[in-house]
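Two complexes, one shared chain (subunit A), two partners (subunit B, subunit C).
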Partner chain A sequence: MSDTKKFLFINRKAPYGTIYAWESLEVVLISAAFEQDVSLAFMDDGVYQLTKGQDTSGIGMKNFSPTYAALGDYEITKIYVEKESLEERGLTLDDLQHLVWEDEDEDYAEKDSIRLVSRAELGDVMAEQDVLFNF
Partner chain B sequence: MKFTIQVNEGPYQHQSADSAYHFAKAALEKGHEIFRIFFYHDGVNNGTRLTTPPQDDRNIVTRWTELGQAHDIDMVVCVAAAQRRGIVDDGEAERNGKDATNIAPGFRISGLGQLVEGGIQSDRLIVFGD
Partner chain C sequence: MSILHLVNKSPYENSNLNTASSIMKGDDVLLLIEDGVYGAVKSGKASAMIAGQKVSVLGPDLAARGISEDKLADGVDVIDYAGFVDLVESNDKVQSWL
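And then the complex of A and B:
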């Protein structure tokens, strides 16, 4: 497959109340195999997907949050988090997992994957994409 | 224009299944091409032939089948989502030791790669869902 497109997966929902978050992550992982330019965005209740210290033992569901830490290994290095969504929920970046990727071109230096963007900036990011997936 | 349509919600529960159908039908009538319709999340329930709605209501599943067959549309049910929700074809029944199938005519079960490919190959990917 020769043509590369810019894919943005937009995650808007809390992680366990519905299956959207988990099934979104499944598509994201598959898409990495297609050598496209993949980015993720987290907004609205979707920002809860990235919170650290998730414990699902009380609800009998699989805690899939460790999977986000593996995204860097799938060469998914652009993870946009909407600032207003965090603030509206009383969250800061410190409440989220520290997601990193290793830059091969700089001797595998660890770099932050999460990019904190305003609602307006996220709109610009969306406008640059070829394909938007909404979950 | 070439479209891929993603349907994320189940029939009757949510208008998405209806909206996606009406969009697909209208697009075809306008001369557009539909590369693929991909059923994901509870949208996989659009593809069970065991659905029996009341007689005075629309039959969402047969409506898909008829549209798909009339226009030779590739209608794909996500395998991972289908396994969770019990949508089964012959291959899946054999692989997972199930005693029945329920996939509706015109649908096939395949992987998420088909959705990603739809995004790559189409001019527009339209998502119907919450």
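And then the complex of A and C:
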């Protein structure tokens, strides 16, 4: 088998208007199960996927937003959120879920998964990956 | 004579909201549904596009996206599915900006 690769999933669509966000989450969980080094990026309307307080009971669709909180358990600890996209939409980190992972090397200390990055910094993150997936 | 303008896409994804808002006249009404509801959030840049228009948003689509009513631009009316039907009935025509 080949070595572990660095996978970056780039999410750019709002959660319920299309199926992209949910499909991305499915593929993310599958790739984590194959023990790849998985990172997620949220930019443009993709930042809406992580907002708090989603309640889909009135639209007949599954609310998959609680799944993001489980990503830490799949050892997905690097979630990049683009600053410019948040600002354009009038959002701050407080509007997003507080996503954490447990560091087993530090007595399972809880650490933040979300890293707020500029567009330029996100470009650097993309440059260091082996594979880019777009949703 | 009035037209009900329906917008179901995010204003940050394409220009549908801008087009609809700039073509509206008289007693026309704008109804934001699905991803269109993001256009009604006061702190977002796109809310400038709907200033001065008569705007309704579909409540269940707001709730699905975690947007509370206190986040909406001033004057925006939150309606349910029955209110949607009322708007279709009370306007002469419907224009869906797909």
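Quick note on the criterion: the second predicted complex is superposed on the first by the 134 of 135 C-alpha atoms of A that agree within 3 Å, B and C clash if a C-alpha of one lies under 4 Å from a C-alpha of the other, contacts with A are read in each partner's own complex, and residues count from 1 in each chain.
We adopt the following convention: a contact is a pair of C-beta atoms (placed from the backbone, for glycine too) under 8 Å apart; a residue touches a chain by one contact, two chains touch by 3 or more.
What you are looking at is a predicted structure, and each value in this text was computed from that prediction instead of being measured.
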Worksheet item: Does the superposition put A:19 against subunit B (first), subunit C (second), both, or neither?
Response: first
Discussion item. Let me test your reading of the model: by the given contact rule, A:63 touches which partner, first (subunit B), second (subunit C), both or neither?
Written reply: second
Item to complete: Once the structures are superposed on A, label A:133 by its partner contacts, choosing first (subunit B), second (subunit C), both or neither.
Response: first
Discussion item. Which partner chains sit in contact with A:108 here, subunit B, subunit C, both or neither? Use first/second/both/neither.
Written reply: neither
Item to complete: Could you tell me if A:44 is touching subunit B, subunit C, both of them or neither one (first, second, both, neither)?
Response: second
Practice prompt. Go through subunit A and flag every residue that touches subunit B in one model and subunit C in the other.
Written response: 13
Worksheet item: subunit A touches which residues of subunit C in the complex?
Response: 8-10, 12-13, 34-35, 38, 41-45, 47, 59-61, 63-68
Worksheet item: Where on subunit B does subunit A make contact in their complex?
Response: 6, 8, 40-41, 80-81, 84, 111-113, 115-117, 119-120, 125, 127, 129-130
Worksheet item: Inside the complex, what are the residues of subunit A that reach subunit C?
Response: 13-17, 44-45, 48, 51-59, 61, 63, 65, 88-91
Discussion item. Considering only the defined contacts, which subunit A positions touch subunit B in the complex?
Written reply: 1, 3, 5, 7, 13, 19-20, 23, 26-27, 30-31, 33-34, 36, 130-135
